[in-house]
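Every chain is named by a letter (A, B, C and D) in the order it is written, and numbering of its residues begins at 1.
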Amino acid sequence: MIAKPINNRAWFFVLPVLGFVLFSSIVPTMTVVNYSVQDTMGANNFFWNGDQWFRDLLNPTTAIGQRFNDALFRTLAFSLTCLLVEIPLGIAVALCAPRKGWAVGPALVVVALPMLIPWNVVGTIWQIFTREDIGLFGAALTGLGLPYNVTQEAISAWTTIVVMDVWHWTPLVVLLSYAGLRAIPDAYYQAARIDGASRWAVFSKIELPKLQKVLVIAVLLRFMQTFMIYTEPFVVTGGGPGSATTFLSIDLDKIALGQVDLGNAAAMSLVYYLITLTVCYVFFTIMTQLERRRDV
Amino acid sequence: MTSITLDHIAHAYYGKPREDSDYQLKPLNHVWEHGLAYALLGPSGCGKTTLLNIISGLVIPSVGRLLFGERDVTHLPTEQRNIAQVFQFPVIYDTMTVAENLAFPLKNRRLPKPVIEKRVAEIAEMLDLTADLGRRARGLTADAKQKISLGRGLVRSDVSAVLFDEPLTVIDPALKWELRSKLKRVHRALDLLMIYVTHDQIEALTFADKVVVMNDGRAVQIGTPAELFYRPEHTFVGYFIGSPGMNFLPAEVEGARARVAGFDLALGAAYPDLPKGRSVQVGVRPEFVSATAGPGLPAQVRRVADLGRKRLAYVSLAGHPLVATLPNEMESVGDSVNVAIDAVNTHVYVDDIRVAGRAP
Amino acid sequence: MTFVLDHIGLEAGGLRVIDDVSLTFEPGSLNVLLGPTLAGKTTIMRLMAGLDRPTTGRLLLDGRDVTGVAVRERSVAMVYQQFINYPSLNVYENIASPLRVARLGSAEIEARVREAARVLRLENLLQRMPSQLSGGQQQRTAIARALVKRAGLVLLDEPLANLDYKLREELREELPRIFSATGAILIYATTEPSEALLLGGFTVTLSEGRVTQFGPTSRVYRDPRRIEAARVFSDPPLNELAVVKRGDETRGADGRPLGRIEALAGRPDGDYRLAFRADAAGIGPPAPGALSFAGTVAVTELSGSESFVHADVGLGVWVCLVEGVHDWAPGQVVNLNIDPSRVFAFDSRGERVRQIHAAEVAA
Amino acid sequence: MRNDALPRVLFAAYVLVLMLPIYWLIKMSLQSNTDIMSGLTLYPRHPSFEKYIAIFNDPTWVHGFGVSLSYVAINTAISVAVALPAAYAFNRYHFLGDKHLFFWLLTNLMAPAAVFAMPFFQLYYAVGLFDTVWAVALAHCLFNVPLAVWILEGFVGGVPREIDETAAIDGYSFPRFFIRIFLPLIANGIGVTAFFCFMFSWVEQLLATTLTSSHALPFAAVMTRAYSVAGMDWSLLAAAGVLTMIPGAVVIWFVRNHIAKGFALGRV
């Protein structure tokens, strides 16, 4: 492994990327910061408001603080539930997927299909699918006598969104785990057979450790997407019933576009973004750790 | 403790093999005696790894039976064959410590804890791993990892054979000596059958009691290092063993003398009834051809190579290339020199197969 | 063209990877860089090729300073250990690549590629893709590409290390012959002393980024200037013995008397280190004039015409070479006779010390 | 192995469950609304392509489809073209602030679209790009360019650095080496990256609808309109939904052999 040379002329290679991403991020971010530190009396005149919006936001006794707190915990609960279901399920399905032969190609394509559907269409599918009158899922549950009603009943709405997300994104974990499993050299399985390892030992002592890096990516991607989810729940429940499924993004949308309350919306956006930044930072350090160990 | 019997084993990877040429591994009959160290030596693609995989159970042979002792294991899966294997690249369980790695096979067999600990300590001591027992296996050097891989096999008292698939490939050249002598000492200490696949003759000859020289899917000769060196049964073995390989000169053989490139040559044995019209060659190793100030066959010197502990003269005998040893006392050599050929170690090959002569 | 490394030094990550290396390579010469892994062989080659820049020192090509010249403008060819070819081009295009870049006429390219393919026996593989070739064939393609370029400097970085033993033997003989015709400077890196001896020419012994010796191969082998050079040039490993000299009497580190050692004759008293290679020791009853040591056999290794006997003499496990096939069982006690004329002596700083003849002492 | 069949059965069961909702949508797209409302059936009694024909004949749908395909194509082209040199630089060289830049790209890849919806609206309105295909294409660069860099950097790492050096030794200038030698070696990587940019741009709806109003109304926006204006025309909605699945399925088929590695962001 030849060490990477230092070459600052490489910046010319990176400038185009910098240009395109900056164009879409620098001005919007500045606008959000701008609004988050000002207040307006209407008719477009603004005055300095310091960190007042942030103090209200982070103080649960204020109305906006309370609302932000609820939305944040609702979203974190949703993310956590999805992760707890999708990661193990994804690994299990990857372990069962065909490894050799003709079936591999089609199997991967079919599994990946849900991820190819526009998010609003996913919402539409599940909106129809969960109706008691014309949806198989809705009809089946009500047929079993369960008090299942997406638009009225909080638990139903919440579980529907979770089931939809599991259906929509578990394939990502399946494909990631599958890629990780395929990279394990055959000699490891031969050695395990020789050592008389049980199927569980093979999984826990060979497959899981080797999946470590891929799972870190899976957890990051899944956490981020669930933490920022907007379109699908918005189509299926619109945040309802009440605020049962009003996740951070949906709440933010209501405050910004609905009530045109720019100050609060901007402060909330920034805090929301800072949370994603910290999670990214934690992930990035873990990834460079794993990368360095691979080179040693 | 068992020996391994190959009963007409042959293998073809694809299609229905009809005659010999379809087989990647030509039919082989052989008994591997218990307690001996065998080497499967040959160039890449000669079938040596296929043979190893048949013994380990990774490959089921198309034809023939494989017996461990009296038990027919031909179709038995690997885990029921009581073999251990050290692979080309170190295969260890990263998340475990060295001790846990060594204990792993015994834990799977649910042996009591004290038995496991005693056995692990024993094997660790034998492989100089005692100091690293507590450390995480991932951080160790390649040769230490190979020792762990070997140790996982040796801890099992029921292991019948230990297979090595070119284990020194990733080892630092300076450490190869150490690991090789360690393997040799382990083999001496444990009365085990060991099979070692390699393309490197030094590793094969120094490790094995018996060497199976293979080429193009066929076991060309099976013998001790001395037999392969002093009496190669096939021109390929003469060429492949020894660095540089055996000299071969076309010859007409009459009784105990041979006409080689217009010169007359004494042979170590008499060959009265040689079939006519077949390619007849005389083979002698450079170690037994020496340049001499005294009488000998006149040869032109093309090049002299100084190997430190010996010097070789690359000469041409009436147009035929020949490699001879340059004795120390001969300081420098002009354009031509006489070469003396040791009759006892000169062999006759008809169509590449050695012909045994009778006492002259 | 002559190629000179003038006080070349390289620092990487705070470590002095290459330490003040000065070498001069004559045109048409074959030079072996011999040293263990991480001794700096590849690093020096990369500096000569211009792939890396030295921290200190200059590279001179026929007296001209080429240190800053980009690798593109240099007349250099390199063959890597892991047979590097362009996977997307067939063998013909792989070999022709440097000529295509130099924009030569296609007739001339065709001729030179065919010639190189003939020399390396690749004539019927020209349309194949690298992935369809064996290891040996892939490395031959890489060598053909280096040959066809007719560069003034050809760098071979352990080119045979990944090949079969027998294939290595054949190519080792071919390589010097192939490149000698071009009059280029050939630099050949290896970890194996036997390869250096077989190639002949000049040898540079390297340890930890420093040149310990540079000279004709057989002289460096027979007359090492430093103990590191002797160690690097010994396979099986060099046998060593720490000794203390008092007047005419020399004792082993464990106090064992060793009698008179000529190599130390006339040297001031003090600590020295004796060293000898496996072929300098034999096994047999104590011979007059030889240094005898009793040792218990650890293991014997037969390699066809020679037997390597590992014997523990209390001062370490020594390896000695015996002609023919002799299998001493482990635990057996044997007597080692060491030929004093082939024992090297080194002072405590590792410098080689020789016998001082009476005349010198007086001067 | 004896229980070799069990994994296959479990996997088949999973795929079946996975396909159920999609089947349900297809079923409904072939039924008329009255049929749907008249009661739950497992398969369409008298299937007809009536709704599909209606969509193909309706210029707003066709225009919407064209708009969506065009901004996705533009975005994919930009993202891959721009990410190629950057991925090469990140993998081959250290340069001042490379770690921080890579991290910054990651944060943009993960930026919540909801946070940027409104500011984007203002930005693209100000620069006069609002309601054009370019607005959506450029907006999607926010996450697609970082994604392309991340995946391609993994594939670039797959090519040994010695190949770059051998080309330099042979005398190749960098551009000629990059195009003639290097690109063919990561062709699979480029294919997979293009697929991912296509996918993430095609599925995104919030920014696409926020940055357009009439002239460049994407397919998704036409759907949300149909959803609210024409009352519950379920089968039309279902037919439109089925049509949105086709582009993805077509594109993935071309890269199916490298899909697993792509999802692992080239890191496997």
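The definition used in the following text is that contacts are C-beta pairs under 8 Å (C-beta built on N, C-alpha and C of every residue); 3 or more make two chains touch, one makes a residue touch a chain.
Bear in mind the structure is a predicted one, so any value in this text is a computation, not a measurement.
Minimum number of contact steps separating subunit A from subunit D: 1. Across the assembly, the chain pair joined by the most C-beta contact pairs is A-D. Chain centres here are Cα means. That of subunit A falls 58 Å from that of subunit B. Put simply, the C-alpha centre of subunit B and that of subunit C have 26 angstrom between them. For subunit A, residues that reach two or more other chains under the stated contact definition are 2, 5. The part of subunit B that touches subunit A in the complex is made up of residues 56, 58, 77-79, 83-85, 87-89, 91, 93-96, 104-105, 108-109, 149, 152-153. The touching residues of subunit C, counted against subunit D in their complex, run 49, 51, 70-72, 76-78, 80, 82, 84, 86-89, 97-98, 101-102, 145, 149. Put simply, subunit C touches subunit B in their complex at residues 36-37, 134-135, 164-167, 169, 191-194, 197-198, 200, 217-218, 221-222, 236-237, 277-279, 298-299, 301-305, 308, 310, 321, 325, 330. Of all the residues in subunit B, the ones that touch subunit C in their complex are 43-45, 172-174, 177, 180-181, 184-185, 188, 199-202, 205-207, 225-226, 228-230, 239-245, 285, 287, 305-309.
Within the complex formed with subunit B, the residues of subunit A that make contact are 185, 187-188, 190-191, 193-198, 201, 205-206, 209.
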